[in-house]
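Scrolling down, you'll hit the structures one after another.
Each of the two complexes below includes chain A, the first together with chain B, the second together with chain C.
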Partner chain A sequence: MLELTGITAGYDRGRPVVRDMSLAVADGEALGLLGPSGCGKSTLARVAALLHTPWAGSVRLAGETVTGHRFRAPRHQRTAIGVVFQQPRLAADPRLRLRDLIAEPARATGRGRELADRAAALADAAGLGAELLRRRPHEVSDGQLQRACLARALLLRPRLLICDEMTAMLDASTTAALVALVEDYRKEQGAALLAVGHDRVLLGRWCDSVREWDGDGNPAGAELLTQE
Partner chain B sequence: MATTHPPTPATEPEQPWHTPAHERRGTRKVRVTTSAALVATAVAAVLLVPLLFPLDQQAIDLTSRLLPPSWDHPFGTDDVGRDLLLRSVYGLRVSLTVGIVAALVAAALGLAVGCVAGAAGGRTDRLLMRLVDTFAAVPHLLMGIFIVAMFRPGVWPVVVSVGLTHWVSTARIVRAEVLSLRTRPYIDAAISGGAGRRRVVLRHLMPAVLPQAGLAAVLMVPHALWHESALSFLGLGIPAHQASLGTMINAARGPLAAGDWWPTLFPGLFIIIPTLAIAGLAGAWRERINPRRRSELVL
Partner chain C sequence: MTPLLSVRGLSVRFRMPHGRHVAAVSDVSFDLAAGECLALVGESGCGKSVLTGALLGLLPANAQTRGSAVLPPDDQHAAPVDLLTVGERALARTVRGRRIGLVPQSPAAHLTPVRTVRAHLGETVRALTGTRRDALPPAVAAAAERAAFPADHLGHHPHQLSGGLAQRAATALALVGDAPLLLADEPTTGLDRDLVDRTVAGLRRHADEGRGLLVITHDLAAAARIADRVAVMYAGRIVELADAAAFFGTPGPRHPYAAGLLAALPERDFTPIPGLPPELDALPGGCAFAPRCARADAACAARPPLDGGVACHHATAPEAADA
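Up next, the complex of A and B:
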């Protein structure tokens, strides 16, 4: 499904955050990326989500080589990946009501009408009632907002879901609800998952395999842990 | 035996670093109320007076030249016997219209250029910002005169001239704002959801900077009003026979030298008072949407 080969990426010239890193997620597989803060796992996730242009290395998505990132990536490649970010506050446009937030990708791709029912069903599955859907991001809790962000990420039926510390800011019951929502979706669509986090227990239970690297910021020395 | 007391601790209140908040709020309220009342009066006057008292811009009455203020002519008359109160209101109407339209043109242009530069980045951004620098480097009154001189005198050349010379600051503000917004995760989320550049700019970035651009537009109105008056005063803007605050003050130079003060004073006040009132309102709005700046101003 997704293949990253020899990725080197960073933000400031000459100081790479990710160095020569490779990674593959098979169709339907759930891979966890585990590591301390600042080790580059989020940067790698952003490269995988086609949101950050790597300095070197190649990205292959569903057998196609990705030739550009962000706006340069063709729309079908971008929408094949659903992304959930760590901080829902920052990942939600403060002016959009939750209803519009969830429907946003459908409207951006000109499928607003076609996917209206799916948006409603997802909001319902995420436990967001009609009253909540009328509110704006600053009027709901982090957990409620993250549910809406997850619904938004699932709207276009992505074949790969990337969750970058999706539950890091949330309590245990909301975490469980969100993970259950992701798992229901994956069972239904056979989608792959790349989950980034630092919660060893959660990722260990959630993912088929977990890739961990230590805190020296050098992911080249990563080891592979496989869970039953 | 006299006991020595330790020096009494300072009980008198320390010199406040700045006016206490409640007092400051009081003066701000007075300022906002006064400004709003003045702006409302000016707008009502320029809308209603032309309906009730039509003015023939060319009519003169040489038997009542340069009459000082009286009950018949509260502002007096000018050197060809025209009533100055009525002409001042008509002049304010022209100046306000030009000021508002020019400010809107400038803000819209600045918003568009700033959004494109900030969102596109790279070579487009550099090119547009060098253009902004170029415009900013030329004294804008001079460039305004140059633009106005290309057309026949009238209202529109003044609007174009003021609009084209004043979009630069708005473009800079908007670009800076867009630069800080474009790396937010919600923009990433929109890109990931399939949104193109145009949609990201129009649906996510522009609405976010609209309040800033709106504020810039309002702050621009008094400035544009002054430019209209300046251009008309120089004889480049509004045609000389048509009432405008600038043309009136220009025509009043002769009488002023002869000691007749009213043809200069009243149109002058009609420039200054609305300007201060609009600036007062805009200042209050800026403090409202940008509270950090407020605390910096207090210190």
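Up next, the complex of A and C:
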């Protein structure tokens, strides 16, 4: 589903954050990317999500080479990926009610009417009732907002879901609820998952395999922790 | 032994537009002794951080508080101080930083972005200890060292600090006034495991040196490593108050909510508690957890008191939580 080959990436003119990194996620596979803060795992996730242009290397999505990132990526490639970020408050437009937040990708792709039922079903699956859906981000808790952000990421039925520290700010019960929602979706759609985080136990329990990085932005050998 | 902090019947309500009220904290009581760490755990939005704000007088103007939160007499104060009634002037001059140190949530965001760590520490040292300007450099170096903040990073601005170093800078600031009581609000949120371990070990050391430590967190793994006692909050109330060893080990939590929270950990069952917590402006009349509780019955229509460390009529015996 996703193949990153020889990716080197960074910001401005600084030293690269990610150096010559390769990674592959098969169809339906759940891969965890584990590493300490600042090791470059979020940058790699942004490259994989087509949100950051790498300095070198190639990204292949469903067998097709990606030719541009961000708005230059073709729509069918952009919409094949759903992304959930660590801090929902930075990833949600503060002006939108949760209902509109979840439906944002449908409106952006001109499919608002077609996906209205799906948006409602996802909100329901995320445990967000009608009263919460009328509220704006500042009127709900982090956990409730992250539920909405996850529902938004699943709306267009992505074939690859990228979760960048999705649960780092959340309590144990909300974490388990969001992971269960992701896994229900993956079971239903056969989607692949790239989960980035620093919680070894969580990723080990959630993913098919976990790849660990050291603090230098490089893979720590070939250590793979596979779920029993 | 006289506790360092004695909280009785503390409630915080926020007045909202259209006559609404949000009951953020309801009838919370606990004691905290010197050398003890109490972890206050619960889901986001359960009122944990509002409780910290109430203790430090940092609530917004629409907050109404009830109850008491008393610091005992000490060398400088002949009478006990009730934090809820003492007033802003006394809090600013005698309590914040001097009797209670705060390690804030998101320390990097708490620091002033245009000032260096040295400038932050210098200002705090001068304000709290009256150190003269010419004696500041060694005092700042000593303050940094107490929280293991590296001296060669004192000239850095907050955005140049890693999460761990920002945490240590905030802890150094909290320790300047030698406050006997430390409040740490979500000290491990967003940190990776190594940093969590180091932060937890650093905070525990301060408790072992004789300070009282109130840690507010949703990170149960961190709470298990640092706390002597655990208070579980749900919808603004403490629903279980227990020794940490018994809570995280055997016999385990007794309240169904606490048991569900612990079972949700990935190292345990990894199953969420069904449903969402109630909205604090529309709390049910009886047990607030009843709508999510598999064992709810007619008796849950009455609000259970915190009796014997647990606020649930199901949990009379420790084994009940396992049933």
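The working rule: the second predicted complex is superposed on the first by the 223 of 228 C-alpha atoms of A that agree within 3 Å, B and C clash if a C-alpha of one lies under 4 Å from a C-alpha of the other, contacts with A are read in each partner's own complex, and residues count from 1 in each chain.
Methods note: a residue touches a chain if its C-beta (ideal position, glycine included) is under 8 Å from a C-beta of that chain, and two chains touch if they have at least 3 such contacts.
If you're wondering where the values come from, they're calculated on a predicted model, not measured in any experiment.
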Combined model on chain A where chain B meets chain C, clash or fit: fit
Which superposed partner A:Pro105 touches (first chain B, second chain C, both, neither): first
Chain B versus chain C as contact partner of A:Ser42, first or second or both or neither: neither
Touched partner set for A:Arg95, first chain B, second chain C, both or neither: first
Partner chain(s) touched by A:Thr79 [first = chain B, second = chain C, both, neither]: first
Nearest Cα pair across chain B and chain C, whole Å: 13
Chain A residues touching chain B - in the complex, by the definition given at the top: 46, 49-51, 70-71, 75, 78-79, 81-83, 85, 87, 90-95, 104-105, 108-109, 149, 152-153, 155-156
Interfacial residue positions of chain B with respect to chain A in the complex: 184-186, 188-197, 199, 204, 207-208
Residue ranges of chain C in contact with chain A within the complex: 42-45, 162-164, 189-195, 218, 220, 260-262, 264-267, 270-273, 275-276, 279
Chain A - residues contacting chain C, complex: 35-38, 86, 127, 129, 131-132, 141-144, 165, 168-177, 179-180, 198-202, 204-206
